[in-house]
Every structure is written in C-alpha cells, then in structure tokens.
Amino acid sequence: MLPPVFGVIFDGFAYGMLLFLLSVGQSVTLGMMNFINLAHCAFAMLGGYITVTLVNRYGWPFFVTLPLAFLVAAAVSVAFERALYRRLYRASDLDQVLLTIGIAFISVAIAAYYFGTEQQPLQLPAYLRESVQFLGLRMSVYRLILVGIGIATTLILVGTLEYTRFGAQVRASVDNQRMASGLGINVERTFAYTFALGSGLAGMGGALAIEIVGLDPQFAFTYLVYVLIVVSVGGLGSITGSFAAAAVLGISDVAGKYYVPQIGAFLIYLVMISLLMWRPTGLFGRR
Amino acid sequence: MALMEGVASPQAYLQSRSRWRPVEIAFWLATLLPYLLFPNYLSLASQIAITALFALSLDLILGYAGIVSLGHAAFFGIGAYTAGLLSKYGWGEPFSGLVAAAVMASLVGYATSFIIARFRHLALIMLTMGFGLLLAELANSAGWLTGGVDGLQGVSMWPLFGYLHFDLFGRAAYGYSLAVLFIVFLFARRLINSPFGLALRGIRENAVRMPAIGAASRTHIRTIYTIAAAIAGVAGALLAQTTETASLETLGFQRSADVLVMLVLGGAGRLYGGLIGAAIFMVARDQFSGIAPQYWYFWIGVLLVVVVVLLPNGVLGGLAKLTARWGPR
Amino acid sequence: MSGPALSTRRLAKSFGSLIVARDIELSLPVGARYALIGPNGAGKTTLINLMTGMLSPNAGQIFLGDDDITGLEPQARVRRGLARTFQINTLFPGLNALEAVTLAVAERRGISGQFWKNVAEHREAIEEAYEILAKLRLGDSCYQVTRELPYGRQRLLEIALALATRPKVLLLDEPAAGVPQEESGDIFEAVASLSGDLTLLFIEHDMHVVFRFATHIIVLVGGGIFKEGTPAEIANDPGVREVYLGTRKHG
C-alpha cells in the first residue's frame, strides 16, 4: 500500500502534463524567435470552447473533439501570425507584450460575449469520471489518460525533433537563426509551422483542461502566468525543459495546496523567482 | 570649429532642449480648470492626478531606462498600506504619511533592484511579474495586517496643515494630489535633463554599448528603480489618504497592467505621456463605467493592437511627429 | 611604462567542442599599430570580446600594462583604458551625436550619477565631447539624431564614442566595414591622426589598408595565431596565402 503522498504526486504530475501541453509550444517559439506571445493561452481557451460547443451542443464524443480543438487553434494562430505577428519579430519586448496582451483582452471579451462568464460544464462519458485502484491509490481515469497523452506527446515531439528533417530545421533555428538561414533553412516558415503546432497543442490542452480546472473567459490570463513560469523555468526552446518544469510546478502546486494551503500559490512564485535567479535562461535554456 | 551659421553652441543647444515650453505651462494651468469647470468631479480629478503620478513613476523605468515591469503596482500598494496603517494606528498627518510611504517603498525597491538590474527580456518581465504576484498573495494571506479582501479599515486623516479638511467634494484632496504631482514632476523633469537622465536614455537606446563606454549600468538601474519605487509609493499613499482605505487591488496585476496601458497610450519616454495617458484612460473608464469590465478591456485590447501596429510611440509620439520638437526623449 | 600596453597569456575559450580561441599569446607594445587578420570565422571578434570582457575565457590571462584584468567586468576595463569599437554599429539610435559622446565623457568623468544639475551646466564635459566630434569631422552634424546619420558618419561616431573614454589601448573591429570606398578614407585618416601614445589593434579585411597602417600583422586562423610578423614577412608567406585561398582544410 502506498502512502497518500503518492496520490498527491500523481495528481500533481497529471496537472503538470496539462501545463506541459499548454506551455511546450510557447517554449519552442520563444526560443526560436524570441517572440513573447502573451495571447498563447487565448488559443488554449479557443480549443476549450470548441470542445465545449461540440460536446454539449452537438453531442460529439469527447476524444473526437480533441484533434479538432488542435486544428482550429492551429489554423487561427496561422491567421494571426500572418496578419500581425510577422511584423513584430524584430520589435521590442514591450511592443510584443502589448500587442499580444491586446489580442488576449479581445479574445476574453469575445468569449464572454458568446459563452457568458460562468464556468462551462462538460458532459463527459461516465467511464471518464471513474477511478482506478492501484496499490491503495485512487487514480482517476481521466488523469491517467491525461498523463498518457502528455507522455505520448513528449515522445512524439522529441522523436520528431531528433529524427526528422523538420525537427533538424527546428533545432537549427532555435540554436542560431542567422546560421540556419545561412544554411538555406527557411527560418520564417519553420517558425510558422512550429507556432501552429504549439498553438494547436495549447488548444488541445485547453480542451483537456476543462475537466481539471474548468473553463471561463479568464482562462486566457489565469493560465498564462503558469505557462510563462513553466517556460522561463524550463528554459526557452527546450521540450525536456518544459516537461521537467511543468512536472515540478504541477506537483509543487498540488502538494502546496494540499499540505500547506495558506501559502499554496505563494510557493509557486517563490520557486520561480529562486529558479530564475539561479538560472536566468531556465533549467535547460540556452541563452 | 565647423558650426553652421545661426546654430547654437553645444551648451546653448543642450540648454534649449530643457527649457519650459509654452504648451507645458498651458498644460499645468489647465490642471486647475476642474475647480472652475467640473467642481462635482474633483474626486475623479484627484484619482486622475494620483494615477498620473503612478504612471510617471513607471515612465522613469520603462520610458527612460527601458525596464519592462509587469509588477510595478507592488510599490503603489506598499505605499498605500504604509500610509493607511500609519493612520490606522494613530498618526494621521498627511505629509509625514507620504514620507513614510516613500521610505518603505524605496527600501523594498532598493532590495529588489539588485535582482532586477541583472536581467533583461523575458526573465526580467517574469521576475517583475513574479514579485508583484508574490506580494499580492502575501497581502492576501496577512489579513490580520492588511484587512485581506475587505481592505484596510479605520483609516482617518488629520487635516492638511492642521486646518484643510478632506471633504466629501474632494477639494482638498484634489489640491493635495495635484500639488504633490507637480512637485514630483519638477523633480523628475530635472532628473531627466541631468547627466543621469542621459545615462538612462543610453541604457534604453543600447544597453550593450553602455559597458563599452565605461558605464556602470546596473548601478544606474538600481538608482532609478529605487526612485521610481518611492514615487509609486507616494502615489499609493495619496490614494489611501484621499479615499481613507487601502485594498488588495492596489497591489494587483490589474493595476500593473492598467498603468502600462496608460503609459503606452500616452507615449513612454516623454514625461507627459503617463499624465496624458492616465487622464484619457480614467476619463474614458468613468464615462463607460456602465459596461461590464470585459467589454471595456475589449476596447483596450483593440486600442493596444492599433497603437502597436500604427502608432508605435503612443499619442504623444504621433503628435510629436506633427510638431517635430517636444524636448529630449 | 616599459612593458607591453596589452598582452594575453595562453588565452583559451571554447563552446562545448567548438574551440574559438586556443592558447593565444599576444603582446602589444605602447604606440603599436597592429592589424589582426584572418579568414571569416577565425575568431577575431571573439578575441576582442575576450579582451574586453564581453566573454569570459576558459583559461589564460589578460594584462593591461602590468595589471591583470582577466577577472574585471567590461566597464572596469574601459575605465582602466581599454576601449573598442564594434563591427556592426552599436550606437544610441535616439540620441544625437553630441548627446552620445557627452554621455561617454560624463561616464568617464564620473558625473553620470548626478541627477540634480542640468547636463548643459557641465560645460567642460560638453566642450570635450564637441572637440572629439570636431576632430572626427562630425562637428556640423552633431545635433542630428544618430539613426538619421549616414552610415559612414555612424562609423565615425563609433570611434568617437570609444575615444571619449580616453583609452590607452583601442581595439577597432573593422572600422570601415560596409563604408563605400569614397568615404572610407575619412575613417582611416581619423585613425591615422590618433595620438602616437595610443596603442591600436584593428581587425581588417582590406589588405591595402592593412599594409598602409600596420607595423605588425597577426594572422588568426581557427582560433589560434597562425603567424605574425611585419607586413613584408606576412605578404610573402606561402602559408598565409594558402589559408586565404583555402586550399588547406582546417579542423
């Protein structure tokens, strides 16, 4: 029989996988183009609302909506990248912050207008609401699936990065943009694809998040903070860094709220500040 | 010495850049108009003056030294709670409350400046945001001190100079806030036109070149960050004193983000940008106070996108292009 | 001062398995006019970055005169008299030339921490700044904002900023890079007119310039000093010619 702490760790790890899916795209694109996109979680929120609409209003099965959440978020992000983001790749940090915060504000308002400000309920099939007993631990089926998706995504991403040509282009662009374009790599196109992929993953993450943390228009900002923490602690441009940072953050957050609820949220910020001071480019960062 | 005919000597040229322009004098005279034209809106006017002071403090670090801070409200809140607590526990003299707030805020500012000065880009933004959120959480948990979600109760101010009471119409409040704003503005103006101000602009224009000309950039950043913290603290104290309360939102992320928007709207790095941005923002918000907050932010969002894409230097920047001379930036 | 103005001992730097500086031993006597040449990627700018403190070495030491400056921060080295210019203009786009050079002079004089007096009241600093600009023929455009200056003038401003720190040793990284033929003369005249006490090391690709100004040439290849000697020796060296024509492969 395992002590309850393992239950806390499992829940924390599952939460971490959610944060990973939300953050990994941001980490890679920040590492590649140094473009600060504070509207990233708005794409996640979009994925969430797509799933809510399809499941609640049209009765689609939950898992079928996930790829759609991915695709819609990716497609919308491509539109934004072409119309607006592209002009600001060489702009100052402040300009990028302001533009993307503005987009986030707009998306929050649109979500509130169409869906209202309440939490969205989600009708999930019964088996997803059950738990499984293992060595004395109750693990919810949903969280098990979340962990599975998280690990599978990590493996697919790392595999793509290591073994495919596209992956090599991404690695080169993250490492040294000038050199990469000197070698004939179309850095801007690589960035566009990676950005779409990252936003798509965020969209899928947003859909998966509904059951764990709920969905309301403020999602775009509430989870932005956590995403930025994962990215800056994990290191820009690093998938394994995001994985590690998300896991650590997820576990500390859940454990903090469970064992020392008075200082729960406080702990996260303290951990982030300390880690950033020790390693300003993140645990696995390059610059 | 190959200077063209009719062009001033170097010293005279630099002197002329810092002269008071007629439009500036008109601006400050106009700040007295609320007493004549909008006597029922003096409370709003003092809120504007206080927010303008806060925006001015952010301009010093953002517009002049280039430090993007998403947590500047921390100092505003520290000032508010310091002045509020001082009054709550028996000492309600306004001016000394301001001094105490400035001291507290500058101490915290000085301590955090050591960390702030060592980072740039994302790490810097994250650290400022992290400190702000951390302080807000601390204030939330320390309900025994701050009053928590309900806010600080029991603040009551003694009259200014012993006889000017803070009345319901806000007459004393506005005069007080405006006077403090003006005095601090004069100080900031002097600072901007000094060699230190030039060094700050150097850091903003090219942080990499500064060490290469022998500049101790980190020391300069620590200094201006501390000064900006003190000024933000004074603004917070003014708020606590004129509204006789202090609440958690004075330290919140919302306030940090709002002041950033105001500064950008007005144009950072021109000293007046924060003042004008604050005035526009607060008046607009008052006018549209009927609509729900997320729709208000929709328009702010649209404005931000428009400003960044079309008007990179804010309202004043756009105007400056038309008028060509607005003093050193 | 009898010893060299600037010297390095076994200076080394690598990024993982990429060695950018290997065992560099340099010695610049006072008043030297040394040129640093080598194929692209040889590590010339990296060497300047190491000497000025923008990069820290993995091993070795750097001496300014008799002082070991290896552990000093970049601004401390500048204050001791080691200045450099950048290959790509690293100027203050929004400041005008007068303000930029006055800033450098103010930093040197230690008055840039003062926030209570107007800049205009520091007459001597401003006059000094103007003199430097005038000597480099920038006097009449000194009120123009840097980003609006023509490229050649910006390159001159690069040098003006470095000179404002009153260096004993000046490292110039391709001072005439990108400047059209007609204007590069201005830059080199400026360089030529520099005081004989000032020790110069300049990176340059144009061999005419190198042979005209340098008394000694150091050839850097693959992070290491390949050869050094007088212009005549280097011009006639077959190994150097091979390196530039690239017939030999370098690891």
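Per-chain numbering from 1; labels A, B and C assigned in written order.
As a working rule, a contact is a pair of C-beta atoms (placed from the backbone, for glycine too) under 8 Å apart; a residue touches a chain by one contact, two chains touch by 3 or more.
All figures in this text were calculated on a predicted structure; none of them were measured in a lab.
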Neighbouring chains common to chain B and chain C, by label: none
Among the chains, which one keeps its Cα centre farthest from the Cα centre of chain B? C
Chain B to chain C: how many Å between their CA centres? 41
Whole-Å distance, chain A centre to chain B centre, using C-alpha means? 34
For chain A and chain C, let me know how many angstrom lie between their CA-based centres, rounded off. 46
Complex contacts: residues of chain B adjacent to chain A: 62, 68, 70, 115, 118-119, 121-123, 125-127, 129-131, 133-134, 137-138, 141, 257, 260-261, 264, 268, 292, 294-295, 297-298, 300-305, 307-309, 312
Write out the stretch or stretches of chain C touching chain B in their complex. 52-53, 73-75, 78-79, 83-84, 86, 90-95, 98-100, 102-104, 106-108, 111-120, 122-123, 125-127, 129-130, 134, 137, 139-140, 142-143, 161-162, 164-165
Which chain B residues qualify as touching chain C in the complex? 1-4, 7, 10-15, 18, 190-191, 193-199, 201-202, 204-206, 208-217, 219-220, 223, 328-329
Interface with chain B, chain A side, in the complex: residues 30, 34, 36, 84, 87-88, 91, 93-95, 97-99, 101-106, 108-110, 112-113, 117, 217, 225, 228-229, 231-232, 236, 262-263, 265-266, 269-270, 272-273, 276-277, 280-281
